[in-house]
Each structure stands twice: as C-alpha cells, then as structure tokens.
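I'd like to ask you about the structure that follows.
The first chain written gets the first letter, and so on, giving A, B, C, D and E; residue counts start at 1 in each chain.
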Amino acid sequence: MWLWFHKLSSPPHAYRTAGRLRPWFFWPAILLLLIGTYGGLVLAPEDYQQKDAFRILYVHVPSASMSLMVYVALAVAAAIGLIWRMKLAHAFAAACAPVGAWFTVLTLVTGSIYGKPMWGTWWEWDPRLTSELILLFLYLGYMALRASFDDTQRADRASAILAIVGVVNVPIVKYSVVWWNSLHQGPSISKLAAPSIDPSMLWPLLVMMLGFVLYFAAVMCDRIRGEILRRERNASWLSEIAVGT
Amino acid sequence: MTAPGLLGLVRLVIARDLKLAVRHWDQVVQPLIFFVIVTTLFPLAISPALDELRKIGPGIVWVAAMLASLLALESLFRPDVEDGTMEQWTLSGQPLSIMLLAKTFTHWLLAGLPLVAISPLVGTALGLPSSVWPVLAISLALGTGSLSILGAIGAALTVAVRRGSVLLALLVLPLEMPVLIFGARAVDLAMHGESVAGPLNLLAAMLLLFVSLGPIAMAAAMRISVES
Amino acid sequence: MTAPGLLGLVRLVIARDLKLAVRHWDQVVQPLIFFVIVTTLFPLAISPALDELRKIGPGIVWVAAMLASLLALESLFRPDVEDGTMEQWTLSGQPLSIMLLAKTFTHWLLAGLPLVAISPLVGTALGLPSSVWPVLAISLALGTGSLSILGAIGAALTVAVRRGSVLLALLVLPLEMPVLIFGARAVDLAMHGESVAGPLNLLAAMLLLFVSLGPIAMAAAMRISVES
Amino acid sequence: MHLWRGDKHLLRGIDLALHRGELLQVVGPNGVGKTSLLRCIAGLLPMESGEVKWSGQDIRKSRDEYTRALSYLAHTNALKNELTALENLRFSVSLLRHVTPQALVETLERLQISQCSDLPVRALSAGQKRRLAIARILLSETTLWILDEPITNLDAAGIALFEACVAQHLERGGAVLTAAHQLLLKGEPNVRTLELRP
Amino acid sequence: MHLWRGDKHLLRGIDLALHRGELLQVVGPNGVGKTSLLRCIAGLLPMESGEVKWSGQDIRKSRDEYTRALSYLAHTNALKNELTALENLRFSVSLLRHVTPQALVETLERLQISQCSDLPVRALSAGQKRRLAIARILLSETTLWILDEPITNLDAAGIALFEACVAQHLERGGAVLTAAHQLLLKGEPNVRTLELRP
C-alpha cells in the first residue's frame, strides 16, 4: 500500500489517481462481498455446535482484523506526515480514522451479538474484547483531538503526535491486558481460540476478508479525495479542474 | 427599549449555549465517553469477573456519573467569566439567577441526559440485568439534575479562582453525597427485586428543592466572583 | 551573554513553579483531598462492610489516584499558555523538552508525592492490612510518575483547545490503563502474600520508557499548541 | 469618595458630576486609578466610603434601574472566541433589548468590520475585536457609557469613527465617561477632562 | 513571502530587510496583517511559502541561534498574575542569561514601576503591566526586538521613556521591528515605516 502511496505526493496527481483507482477497488469489493456473503450464509454447512450463530463470524473476523490494520496504517501515515512534512500523508491519516473507528464498532457489535448465544452474555471482560474497546477509545480520542482544532495544519500535527504515542502504547496496553486477565482466570481465552475450521467454512471467510480490504481501499479513495478538496480549496489546480469539467 | 421577558431570556441563553455546543459538537459527546471510560477502569482495576462486578456495579455507575458531571462543570461558567461576558450579564439588568439556571439546564441537556441514555449499555458491561435498566435510568435522570445544580453553585463560587477544578471537586463532592447514596441505593434495591419508591422519591424531592433554591445561591456566588 | 546551563534551567523552572504553588498552597493540597474524597465515595456507594471493601480496595485506591492526577493535570500548562509565557519559552532558545520535563516533575512533587504519603491512611480506611502499605506506596510512587508524564503529553496536546479537560481525559485515560492494571495488581498480589516483583518491575520499566521518550512528544505538542 | 486598594489610599476626595450630553475624560499617568474609578462608578468595585448617585438615587439602592441605563467597556472585550462576530453581537445586545438583524449588520458596517461578521472572534485582529466591543455599546441604547481606554488598538480611521459615534451619542442626550491617554473631541464645548494626580 | 489565514490570502509578496541600528515600523489599518507578519518573522506562525533569514540563514535551519538573538512582545504581556512584578521579571530574564538583582531593580526604576515591584501582577494597572513586559525586553540583551504595538496602554511619559529605550538600543547596534498605529521617533534617519495595504 505504501509504495502505491509514495508515488503520488502531489495533491492534484493524488486526486486524479484516487479517482481513477476507485472503481477498480469498488466493484471487485462488492463482488467479493456478495460471493463471500452467499458462501457464508448459504453454502457453508451449519456448525454442529454453534448452529447458525457462527455465520456472524463472516463479518466479525474481517472487521476485527481491519480495525487493527487501519490503526497501524493511520499511525504510519501520521509519522510520515510529521517527519517528512507530507501533507498527503496527513490527509490519509485523517481519512483513515472514522473508517477504522467504524470497523471497531462493527467488531464490538457483531462480537456482542455473537456472545449472547455463545456465552450467554453480551459482554465479558476478556483481554481481547477489552483491548478492542480501548482501541475504540483511541480512535475516538484521535478524532476528537483533530476536530477540536480549526486550523488543519495544527490539527494534522497534533493528532499525528497522539497517533504515534498511541502506537507505542498499543503493545503495552495489549500485553498488560492479556497479563492482567491470564493471572486471574485462564479459561476465558480459549473461548475465542479458533477452532480448526472446515475448508468449506474457511473459503468464504477469506473471500470476505479480501472483500473488506478492497472495500476499505475504495472508501479511502473517496475519503481522500474529499480531504484533498477540503484542504486545497484555494489551490489553482482545482479551479482548473472545475473549469475543465 | 424593549427588554426581553423572562421566557425570552431563557430561550436566548439556551439557544446561545446550544449554538456554542454545536460549534463544538465533539465536546458534547466527551462527558459521555469519559463516563464510559471510567466505568471500564473499574473492571481493569478490580476484577474482570461479571459475578463480582455485578455486586459493585450500581456504585460504579453512580460514582462515574458523578465524576463525569463534575468534570464537565468546570467549563460551565469559566469561559464566560474569563472573557468578561459574565460581567456584562450582571450589568444587563436582567435577573442573573434565571440566566444562570437556564445555562445550567443547557449544561444538563448536554452532559447529563446523554449519560441517562447510555446507562443501559454501561450497565450491561458491568453485568446488571436488564430488569434494572429503567430504575438506573430514572435515578440517573433525577440525580444528574441535582448534581448539575449543586455543581453549578460550586462552579460559580470557584470560577474566579485559578486552578479551580480541584477546589470545585472539594466543595461539591461532599454536598453531592446524599444524591450518590440514594441513587446507588435505588439501583441496588432494584437488583434485589425490592421496592425502589423510597429512594426515588427522595431524589425527586431533592431535585425540586435544588431547582427552587439553587439559582439564588448561584447568582449570589457569581456576583462575588465577578466583582474584583 | 551567559545562558543558564541545563541544570540551572531545571532549577529555575522548578523554583518558579514551587513559588507559584506556595503562593497558592491551598491548591497544593487539593489533589490530595480529592483523592481522599473519591475513596470515601465508594464505601458510601457500594457497601460499608470492610470484608467486601478489602477485596476491591486496591482497585479503588488506584482509580482514585488516576483521577486525582488527571484532574490536577488540567492546569499544568494552561495558565502558562494563556498568558503567553509558553510562547516566550519556545522563543528562549533553551531546550523546551527539558523545561517541560522539569515542570512535569514539579507537578508530580506537588500532586503525586502527597498521594504516596497519604496512601497508608486511605488504605487503612478501606481495610487494607498494614503489611501491604509499602507495596501500595511504592506502586503509587512509580505509577503516578508515569501518569504525570502521559498526562503531560495529553495536556500539551489539548492546551490550545477550549474545554480541554474532558478531551484530556479521553486522550489520556486509555493510554494510562496499563499503569492502572499493574499498580492494582501489585497491591492485590501483596494482599494475598504473593511476590510483587513482576508488576513493580514492569511499572519501573514503563516509567523509564516514558521519562526518556515523553519529553520529546511534550515539546513537539507544545510547539504546535503555541503556534497560531 | 474614598477607595483603598491593598494598603494604598488610591482615590480620595473625588467629587464629580456628569450631565446628559457631556463627555468626561479621566486622564492621568499609568496606575493612578482611572480603571478603579470607572469600575467604582459602574458598581463593579465596592468603595470604602462615598456614594455614586444616578438621577439623584444611590446606585446601591436602585441597582437594576441603574444597570439598565449603563454600558461598560473594560480593558478586555467580553467576546466569545468560538462564536462569530455577528453571533457575539447578536447575543450580547439581545440581552438588553430586542434588536433586528438589520440593525446588527448596519452597525458592523458602520464600524467597518462587516467583512469579518462570519469569522469566529478568535480569528479577528486586536483592533477588529475592539471595534466589535464598541459595536455592542452602540447598539445597547443606554444613556451612560463608561469606557475604559476605548481606542486601544484602533487605527486612525477607527479613532475617527469612534469620535463620530461619541459625538452622536452626546447629541442625543447621552453621557460618556472614559479613561484615556489620548484626548478625543478636543475643543468641543461639552467635553471635560478630569485629571487624576498620584 | 505568502501567508494564508483561513480562506484569505493575507500577505503576499512582502520583501523586507532590516539592518542593525534600524527601526522598522509596520503600519496599516486594523486587520491588515501586522500581527501575522510579526509572528511569522518571529517563527511563531508557519508560512505557506517564503522564508525568513537571519544573518543569511533560513531561521527554520538555525532556529536555536535565531531565537537566542530575538525578543518578542505580543499583544498579551506574558506575565503571571500570581507572582510579583520583580519575580516575574527575574524569572523571565534568568531563562535567557545570568542577571543580578541590582540590574532588575534598576530597570524597574528606569521604567518607573519600582513602587510596584512587590505587588502581585494582578494588582498592577494595564499600563504598569505593559511597562513590566517592556522591562523584560530591555533586560534580554538580544539584538532583534519584535514588538507588537508596544505602547498600548502607556501614558505620555511611558511613551517617551520607551522611545528613549529604543533609541539607545538602536545606537548599540540593535534592530527593532514594531507594529504600530502611532509612529515613534519620527524624523530620525534610521527609522523606516512599512505600510501594509489591504
């Protein structure tokens, strides 16, 4: 993703490229999501233990892994923006945050819905769940900080510092939470341990994951164009585009 | 000169504060998020087992609500005093107590009501059964009102002081204890399936008392803070 | 022109902040009193039985310490930024990170250390046996240091923002959770007579990490807050 | 009238009367007590002894009536950084009386800050903020204006504008009391100065 | 040099050089961008394009060296209300260089605020605060002074005092850049004005 990103550091170029790439991400994403959904909901056999409830996995697992990936991408972009003063990287980070937060919420919600039939409770203070919740707070904090500056440049740099401090802390948070719980009570972790999964259940999951990634890319193309427009509203190349079309 | 009537005045103050809040909509959700974060601190610090948590759940929710309300109070009057707006209000010839009450009401709308709305979610996380949600919400609705008014009196007293936030906590928390006790008690009773009318009535009575007497104290405190 | 050396600079900043604190000695005791009040809220809200309290005691002390430190942080940089002093510091040609670290250290002296000193008292009130006092004090001493530094980074980020205090909590509390977990865990282990070396070492390691990297983040954040 | 600040006997034996249609400018070196005097007269600072009368009544007795007849401009501007210039003005004037949007816009135009009317006040320059604070006074329609160094940060054009506003107010039977380092409306018959000496 | 504030292209194509021994006064109507220009030059506001050079070097490269040669006085005074005048001055100057108590007291006397040296700054009048802020600049022993409307709130005697201080600094080879509505040291050969137009 980064190689792809690095080439287009000039806003007009990035704007056009994002526009051109968008359909290439969007339509395959829709296609994959449809296939995956069909595979997951219809083709995959019913789990002998979990019955149909397990099918929520096809949304839960991809969104969980996306929520983590997006935060890392955000922090890397923020660091690049801060160190090399690259405006586009800041724009990318800014565009990331709400999407990542959304994936996190989706994980929490689907997880809760999953948890009710599985564990008989909506919520459990399990390390994985707790650290996912903290991740949501980090996203929200990042967005709140960004929103409270009215000068884009300062918002960029301040929130970049937060993202970097956050990424230093994420492993600490993660391990502390694992430690904390494992000292108290061992078994709850095994609840989440992946059962060795049947291939007929697995392939829709992989398809869904790829679909999520592509969908994320497509959404980012849109969001980044929006960000660029907002930031460069005074630039001359924009009026050229506007006149041209 | 046609000065606005009482109702007009109240509308004016509320509209202005809502506009300020919308300008910073992100700040409106912050007491809420603070409330959620503080309630998650306890499982981390105490024990993640839902059985254990359930026992102390009502207490935790109430303490968190109190702290969230307290934190948000700090900025209730300070900006207006620092930039001289409050001085102008005292000179406006309008009843200061009504204006401050309207301001406090807006504050409750923005910082108290959302807590009530989200309380079922937080209750669930702490293992409270869904049967107590209504009691939890009602007790919070009544209680946060009282907290806002008591807090506003404290805020008016401490606003002229630098680093007022800790002083504010110091003044206000002891006064707020009865609210905390009855609020937590109501939820606790509900959890054991007992009647909750007693504490809830008391909470309502306290709220009435504070709404009727509080504004006078606020206005008096504010006049002192502005004079200097 | 003989600019002061690093040590002189640190001394200067600390002396100034201590002088400001003495001018307001009443505010110095406030985090302490807040700490005490919050710990007394819980017995009221939950259950006054010492047996029950003992179980959740370590957690409560730690949550209270975290909130007290948070509340005090709000005023760490704000006055200096608002009256333009911080602008002068960034223009002084002296290393800003050192100056901010010195300031944070003074803050810890005034708001963190007293908590450590009073912890046995609060522990007793919550029914913690005297054998865990040393662990409680050491864990608080190490932990509040980390809390101060993480908090100072958050404070530097939010200082240019109005109504920063809730935002500050939102940014800082999630990052502080590990400190809370290990701190409460150490005390809990001590209460059950187990070895506490693990969590205490981790607390010390975190403190070291934050002391060495924190000031850079603080200074970077402060420069952004001052530019406008 | 006597006033102590701290250990210092700041003002003593001041006796002044201000009539409708008159501008009284309090001058004197820095720190002589101009601001303190103005705040006393506005009822914002209690005095040791002495009294301030408004239409023959002690202002401590007829406080509400007095404050309704009075506008005060301090060293600070009493503006909210987050709200726009127009919103600030609308709110602060609406507190006092009913005002049409038209009137607000006209006053901003008159003070030549209409181009900033939709900017948040934080983005205004020092002089633009001062003009906005003056706009509030103009719109308040009160009789007595108490203004503490009103022309701080104003440019030459701003000062001229302000002088015109004051002159108009005096003509309409208003009274103005200012603290000043630079005298305004020099040579007009209805303008007096009160010099405070240390 | 180009600078945007919000949607507005505030300053464009400004090119200025300031030499030792020179006073440059930036004048212009309210809101034209004087403060913004000064903050840019002091390195407190990033610009869109353009550069500020100090002894031939871009200040973003030699930041520390530049800030050590520079004193900046803003619209606000950067004083701590709780500390006394003397303590404020001692601390802010000690940050920059070693200073004797003797020198501090002398500067306060020179600016005629020695009688307030032990008062907390909150109790000073507006003009006394401004003088105290100027005292910091005088004691900083830097080459370049950037002063934003330095004579705000000063009385006539204060302005004269300040003019003398500036003249002396210029004589010693210092450079001064101010934003002003009232010109100082009129007619001196080493005084220039830069007029900004909207």
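Quick note on the criterion: a contact is a pair of C-beta atoms (placed from the backbone, for glycine too) under 8 Å apart; a residue touches a chain by one contact, two chains touch by 3 or more.
From a predicted model like this one, the values you see are computed outputs, not experimental measurements.
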Legend entry - Count of contact steps on the shortest path from subunit B to subunit D: 1
Inset, instruction - Same or different, please, for the subunit B to subunit C contact, judged on whether over half of the interface numbers appear on both copies. - result: same
Inset, instruction - Look at all chain centres (mean of CA atoms) and spot the one farthest from the centre of subunit B. - result: E
Inset, instruction - Please name the chain that ends up farthest from subunit D once chain centres are defined by their CA atoms averaged. - result: A
Inset, instruction - Could you put a whole-Å number on the gap between the CA centroids of subunit A and subunit C? - result: 33
Inset, instruction - With chain centres taken as the means of their Cα atoms, state the distance from subunit B to subunit E in Å. - result: 45
Inset, instruction - Calculate how many whole Å lie between the centre of subunit A and the centre of subunit E, each centre taken as the average of the chain's C-alpha atoms. - result: 49
Legend entry - Intercentroid distance (Cα basis), subunit C paired with subunit B, Å: 26
Legend entry - Multi-partner residues of subunit A (each touching 2 or more other chains): 134, 137, 140, 144, 148, 177, 180
Legend entry - Residue list for subunit E, restricted to those that touch at least two other chains: 46, 81-82
Legend entry - Contacts with two or more other chains, residues of subunit B listed in rising order: 24, 27, 30, 33, 37, 44, 47, 79, 162
Inset, instruction - Using the touch definition up top, name the residues of subunit C that touch subunit A in the complex. - result: 153, 157-158, 160-161, 164, 167, 170-171, 173-175, 177-178, 181-182, 185, 202, 206, 213, 217, 220-221, 224-225, 227-228
Inset, instruction - Flag every residue of subunit A that touches subunit B in the complex, lowest number first. - result: 121-126, 130, 133-134, 137, 140, 143-144, 147-148, 177, 180-181, 184-185
Legend entry - Residues of subunit B that touch subunit C when the two form their complex: 24, 27, 30-31, 33-34, 37-38, 41-42, 44-47, 52, 55-56, 58-60, 62-63, 66-67, 71-72, 74-75, 79, 162-163, 165-167, 169-170, 173-174, 177, 180-181, 184
Legend entry - Of all residues in subunit C, those that touch subunit E in their complex: 1-4, 9, 12, 16, 19-20, 23-24, 79-80, 83-85, 87-94, 226-228
Inset, instruction - Would you mind writing out the residues of subunit E in touch with subunit C in their complex? - result: 42-46, 64-65, 67-68, 70-72, 74, 76-83, 87, 91-92, 94-98, 120, 141
